[in-house]
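Next up, some structures in structure tokens.
Each of the next two complexes has chain A plus one other chain: chain B in the first, chain C in the second.
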Partner chain A sequence: MERLRIVFSGSGGQGVITAAIILGEAAVLHNGLNAVQSQSYGPEARGGATRADIIISDSTIYFPKANQPNLLVCLTQESYVKYNPAIRPGGMLLTDSRYVTVQKKVDARQWELPMYETIMDKIKNPIVLNICMLGAVVALTEVVEPESVLKVLADRIPPAFLDINNQAFELGMDLMKA
Partner chain B sequence: MPDLVKFIQGNQVVVEAALYAGLDFYAGYPITPSTEITEHMATRLPQIGGKFLQMEDEISSICAIIGASLTGHKVLTATSGPGYSLMQEGLGYAIMAEIPCVIVNVQRGGPSTGLPTGPSQGDVSQARHGTHGDHAIIVMTASNHQDIFEITVEAFNLAETYRTPVILLFDEVVGHMREKIILPEKGKLPLVERLRTSVKKGVDYHPYLPREDGRLPMSDFGSEHRYNVTGLAHDMWGFPTSNPGVVHGLMHHLVDKINNRVYTIEKHKEYYLEDARTILISYGASARSALHVVESRRRRGERLGLLELQTLWPFPFGMIREKCENARYVVVVEMNMGQILEPVKMSLPPDKVFLINRVDGVFITPTDIRNMLRIIHGKGV
Partner chain C sequence: MERLRIVFSGSGGQGVITAAIILGEAAVLHNGLNAVQSQSYGPEARGGATRADIIISDSTIYFPKANQPNLLVCLTQESYVKYNPAIRPGGMLLTDSRYVTVQKKVDARQWELPMYETIMDKIKNPIVLNICMLGAVVALTEVVEPESVLKVLADRIPPAFLDINNQAFELGMDLMKA
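Coming up: the complex of A and B.
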């Protein structure tokens, strides 16, 4: 497989780091792949632009940062402005259409999905936005089996919140496929 | 229990490895970027009936583990640069009184409070020379989670074997990064247990009388035997002495037990050294970037190799000399101003030794290394 380098970016509290960890666990624990996850960790992690890097591959990964991501996901305008220049030429950009206005053409295939709106419409709880985004990423990249992510969710999420997370994941997959 | 695959942070790997090695006492004071070690210890130790103490600072943390070790426990404390500085006095005590313990320093940018969340390898020299007085010390490091596990277990083994503190020098990158690790089954990695004296209760026990093989059997403090432990120069009973002959013997014992066994203690990894015209020497997170460059340049046929150090001190001068003998360029890759560069220059003709470093709180990238290599090789940028 081609090595996949993803940067999830957004605002502190949106769960972009959690999403990266869940994807990493799905890849390593259930799909027999290698993954390395790291995050920018500093003052900006408290509210400002925050990012989580994840690299997934079937071979050994040495350098752990996705300095030139194949896929950049942005859940806020600030993170879009900050990180979009780093995207690998010909890469992919996924943004939330409510939070991000794509300002200029970047050399990437772009998807603007109404993730936040769909979540608020169908689930009425913004805490699962990150899982909806993860659903879109899995549908787009097909890097792991969707069932692997559902298994990780079942392991990590408290039972009372599992249903809305599973639902958010399916909604994200559907948005991408539509 | 079979091998277990996990996707966890390097700091959590340290905890699992320490428990695997038999740790049952931890005292610490949380500090970024080592905090997760303290956090996970607080969760894991009560589960296995061990003791976790959150102390008021790093001075008391190291003193607590020294005391616990003396009573027969395997112990560890974890910190970062500022806390490690505070531990220097206690560290010297553990060296002098020959008390096994493991101290983890997950390095961040310094000096002083420095860059709490930025990666650095600035404490390499401090780990060697930090505490006062002549002494030898074992300092180890690793660049990936599987190696962190093995090196941490090895640190406990060396601490017990040589009755000495062992320093584990990790960094923010490997500490916080998550990657795949296979937790080994019990019994897969050899463990060195506490060597206890066979002297019967009530019979005079000499805490500092070496056996024929040089090892000093211990007696759990407060149980079978009465004996003295001090930071002063001491005789074989553990009582203070200024007898020059005894002090001379003690000093040589403390230094020789480690420095004379460099090649028993020392660990490193080699990648493509056989025909390498340029050898990178690196360790910890920097070695990941270096290996990335080596693997990609090898595919283009460039004769580039990597020597990854896992034991930083005692420094393996002879090994460096032997491995790098035929290389034209030897390039040390590290995130400091050249702390391993210095001993490498002492091992080799200095004019073939170069430094590629980064000290700005940003993790050194393969691009940094490639660009500098072009300059070193005289190819311009």
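Coming up: the complex of A and C.
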């Protein structure tokens, strides 16, 4: 397995850190992989762009920052502008089509998915946008089994919110496959 | 300001990652510091010991793992046995007196606080043990203002649970000061 470096970016409150933690747990607890997850806060965090890094591998990971990510996800224009220059040549870029207008071509395969619109249309609750994004990422990368994420959700999400999280995850998978 | 390297350790579900994220946000958003927060998952995570690292500094942080932490917090015996040899000589060790029996002396100042017992006695809900621990850490290190943590809690915690989180934080501060 190639080492996969992923960056989830957006604004505070969009749940990108939570999504990264869930993906790391799914990889380790249910797929037998190693994962390192981190966030750096600094002057730029105060500006509003939040970033969560995750590296997944079947071997030991020594350095936890995902410099030159294979996959960059952007849920806001600001995070797109800030982080897209760092994407690895030939890598993957996933953006939300409501929040991000892709301004110039980078050397990456690009997916613009209506994640926010779909969530608001079907679930009417923006809180699960991060889990919809996670569904799209899992369908795109196949880095973990979808069932592994569903197990982590069942362990971590309060029962009253589990249904909408599962639904958001499936919607994200469907958007990517369509 | 000296760079502060902190490790929170315990078992899955005790909320040590959440506590580390809250501390990092408090330091950056409300105290003008820099912070890096990370978790590594690997074979040892599958064994049950969870660990979250956080480094706080007023200057740039290049390496995100808190090797030789200045402060190690242990909420389970397993995490204590595993991580206490790594503590920086002359550092600080904080343990929960219900979950951890300190077995041998390390070169560290040690605090054994009845955090779990106090939470169960006063709040009757183990879910806020991590926030009580955070209160003790803030009182011990004074790395951030208590008000900075309370602001992050107000932003992150659902309204129905905010009161018990604030209460747990104050209980942890009081335990450390007593």
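Just so it is clear, the second predicted complex is superposed on the first by the 172 of 178 C-alpha atoms of A that agree within 3 Å, B and C clash if a C-alpha of one lies under 4 Å from a C-alpha of the other, contacts with A are read in each partner's own complex, and residues count from 1 in each chain.
Criterion: a residue touches a chain if its C-beta (ideal position, glycine included) is under 8 Å from a C-beta of that chain, and two chains touch if they have at least 3 such contacts.
Everything numeric here is computed off the predicted structure, so don't read it as measured data.
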>> Contacts for A:Ile21 in the overlay, against chain B (first) and chain C (second): which applies, first, second, both or neither?
In response: both
>> With both complexes overlaid on chain A, does A:Leu29 touch chain B (first), chain C (second), both or neither?
In response: both
>> Looking at A:Asn67, would you say it contacts chain B, chain C, both, or neither? Reply first, second, both or neither.
In response: first
> So which positions on chain A get touched by both chain B and chain C?
Replying inline: 21, 24-25, 28-29, 34-39, 41-42, 61, 64-65
> Which residues of chain B touch chain A in the complex?
Replying inline: 5-7, 33, 117-118, 172-173, 176-180, 285, 288-289, 291-292, 295, 363, 365-367
> Can you list the chain C residues touching chain A in their complex?
Replying inline: 17, 21, 24-25, 27-29, 34-43, 45-46, 60-61, 64-65
> In their shared complex, at which residues does chain A touch chain B?
Replying inline: 21, 24-25, 28-29, 34-39, 41-42, 61-65, 67
